[in-house]
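What follows is chain A paired twice: with chain B in the first complex and chain C in the second.
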Partner chain A sequence: MLELFNRRARTMEPAELVGRIEPEDVISLEQRWLPPMRAKIEELRKAGTLTREEVTRWNVADAHWEWPAKVRDRVGQLQWASHALRCGGDTQGLIFMNLVYKCRLPQQLKQHMVYVDLVSTAPWNRPRLVPNPMYGGVGMILVTEAIIRSLDEGFEGRIGLHSLPGAESLYREKFKMDCLGPDPACGNLLYFEMTPQQAAALLPSTAS
Partner chain B sequence: MNSKHRPDRQWYARMIQETLDDDFIVGPAFDAKPKDAATAEQPLTVAFGLLVRFSRRAKRLSVEELAEKLSVEADELQHVERDPEFRARPRTISKVANFLDLPVGEVMKLAGAAVSNDASFNANALKFAAHSDDMAALSSAEQEALKSFVRYLRNQE
Partner chain C sequence: MSTTAKKTLTLVLSDTEMDVLDSLSSEKSLSKTAVLRQALRLYQTVDIRQQRGEKLFFESASKEKAELMLL
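Coming up: the complex of A and B.
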């Protein structure tokens, strides 16, 4: 059973990982996630500080990702896998993974991997956006799910992702992923890849 | 979501505490242009590998069992299924085509042993290549994708 950390109650709470993003998750996103994120974007626009740095500082880069359209377009395409993470009666996090991307790291060039395309957590869980965030662990569970999917697919834990500036140190230092530098095809975001060895070190139970 | 690879509760609890204030958000930057579709760079051989893999799984055969039926090396079949850069021998391609009851010429094009200048053929193959999964049994969506692509190949004759 998966659990999230309720920061307010200081306890672990049961969470449900749903096999694919469902309509109720999209409704939650449209009705409850987006309004505070868009309000922050508008606030930055009015203040004349709508820059990548400020959007990163407030952790609202995903306000324009158009999750509902992506869910609609990608449903039924086997190259895409998704999950919703629910807890406390609401959707707390979403992930989209692609299963046809190939590795770029020389030591695993063109090997199959799971590419982490989008990961978002509900705005009320974001320490930099709200003063008293609700749940901790949403992003960690979702990114770990990509590694687990990679292992299940026989891709040996290989994953790849483009990190937003605020998450670079996490993927480099805590997940120990290899950084291949800025990717001009992706807004110069840093591109990271995990090798089977790094996956085994992170999830010790996979070493067997 | 069952998986034998899932860590235990203690691992999750520890990792949550270690990353409590980290951002995990992944996706395009606020001012980035949309990325190209992932499938744009897929060669036709991806579709060939997938055709062999899906067909093998639909018949519930292991790589070794199919290799034996085709009288080819299991290693070669493994490469066909997994490595888009690998170019199978014409004899192997021919055996695969006969085994799947598909037109040899079309399968040759798919496997990179013959040139395909047919945009419609390429588009259909790439559409099929966008399907990817490796579960033990084919899902209904995979079965439909496979049947549809096999129908298309047969109609090319």
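Coming up: the complex of A and C.
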């Protein structure tokens, strides 16, 4: 059973991973996720400090991602897969994956992989944005699900992603992914890739 | 992990088509089902973008571009 750690109550709570982002998740996004994120962006704008460093510092670097429009545009497209992670009666995390991208890392060049296009946690779970964040481990569960999807697709656990600056240590240290450096085609965000060996080390019970 | 309902399709292929599927499956280290799934994803992706008025080009090593009239 999937669980999330409630940092406030210091307990594990049952969570549900939904097979694709559904209308109720978009409602949560529009009504409960975006207002506090946009308020912080507006606060930074008014203070004249709306910079990449500041949005990273306040953990709102993904505020411009337009999740609702992307959900609407990508529905029914086979190249896209998505999940919503729900817990405590609300949507706690979202992920969009692309299934037709290919690897860049020399040892797996042009092999199929799952590309993690977008992954976000609800604003009330974010350290720095809120003083007492609620659930921990949302990003870990969602990116792990991308690895599992890669295994299910026959891609042997290969995944790739561009990391926002605030998440680089997660992919480098927790997921042990290879960093291929900044990508000029993607705002100079660092590009990371996972090999089948790294996936097997992370998920020894499921990887081949 | 989430589960998605799947349906079974019986597919009739010519020898040549099966040879190509075998070859792609081997080259890409994917099952035949995975190759066909990728093919369907790509077909739909190209189709959607062409319906939106976009064009698909291949660029040769000498940087010559040729529009691919696929679908």
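Here is the rule we use: the second predicted complex is superposed on the first by the 206 of 208 C-alpha atoms of A that agree within 3 Å, B and C clash if a C-alpha of one lies under 4 Å from a C-alpha of the other, contacts with A are read in each partner's own complex, and residues count from 1 in each chain.
Methods note: a residue touches a chain if its C-beta (ideal position, glycine included) is under 8 Å from a C-beta of that chain, and two chains touch if they have at least 3 such contacts.
Everything quoted here is computed from the prediction, not taken from an experiment.
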Practice item. Superpose on chain A as described above, then tell me if chain B and chain C fit or clash. Key: clash
Practice item. Answer with first, second, both or neither: which of chain B and chain C does A:G19 touch in the superposed model? Key: both
Practice item. Figure out whether A:E153 sits in contact with chain B (first) or chain C (second), or with both, or with neither. Key: both
Exercise for review: Figure out whether A:M113 sits in contact with chain B (first) or chain C (second), or with both, or with neither.
Suggested key: neither
Review point. Which of the two partners, first being chain B and second being chain C, lies in contact with A:Q77: first, second, both, or neither?
Key: both
**Study point:** Dominant contact partner of chain A by residue count, chain C or chain B
**Key:** B
Review point. Does the superposition put A:G137 against chain B (first), chain C (second), both, or neither?
Key: first
Check your understanding: In the superposed arrangement, does A:V100 touch chain B (first), chain C (second), both or neither?
Key -> both
Practice item. Find the residues of chain A that appear in the contact set with chain B and again in the contact set with chain C. Key: 17, 19, 77-79, 83, 99-100, 112, 145, 148, 153-154
Study note, to complete from the structure: Per the touch rule above, chain C residues touching chain A in the complex are 1-4, 28-31, 34, 37-38, 40-42, 44-45, 48
Review point. What residues on chain B touch chain A, complex-wise?
Key: 1, 3, 5-9, 11-13, 15-33, 35-36, 38-39, 42, 46, 82-85, 129-134, 139, 141-142, 145
Review point. Which of the residues in chain A come into contact with chain B in the complex?
Key: 1-5, 7, 12, 17, 19, 52, 55-56, 59, 61-62, 64-65, 76-79, 83, 98-102, 110, 112, 115-121, 126-128, 136-145, 147-148, 151-154, 161-167, 169-170, 174, 185-189, 203-206
Point to revise | In the complex, chain A residues that touch chain C | key: 17-19, 77-79, 83, 99-100, 111-112, 145, 148, 153-156
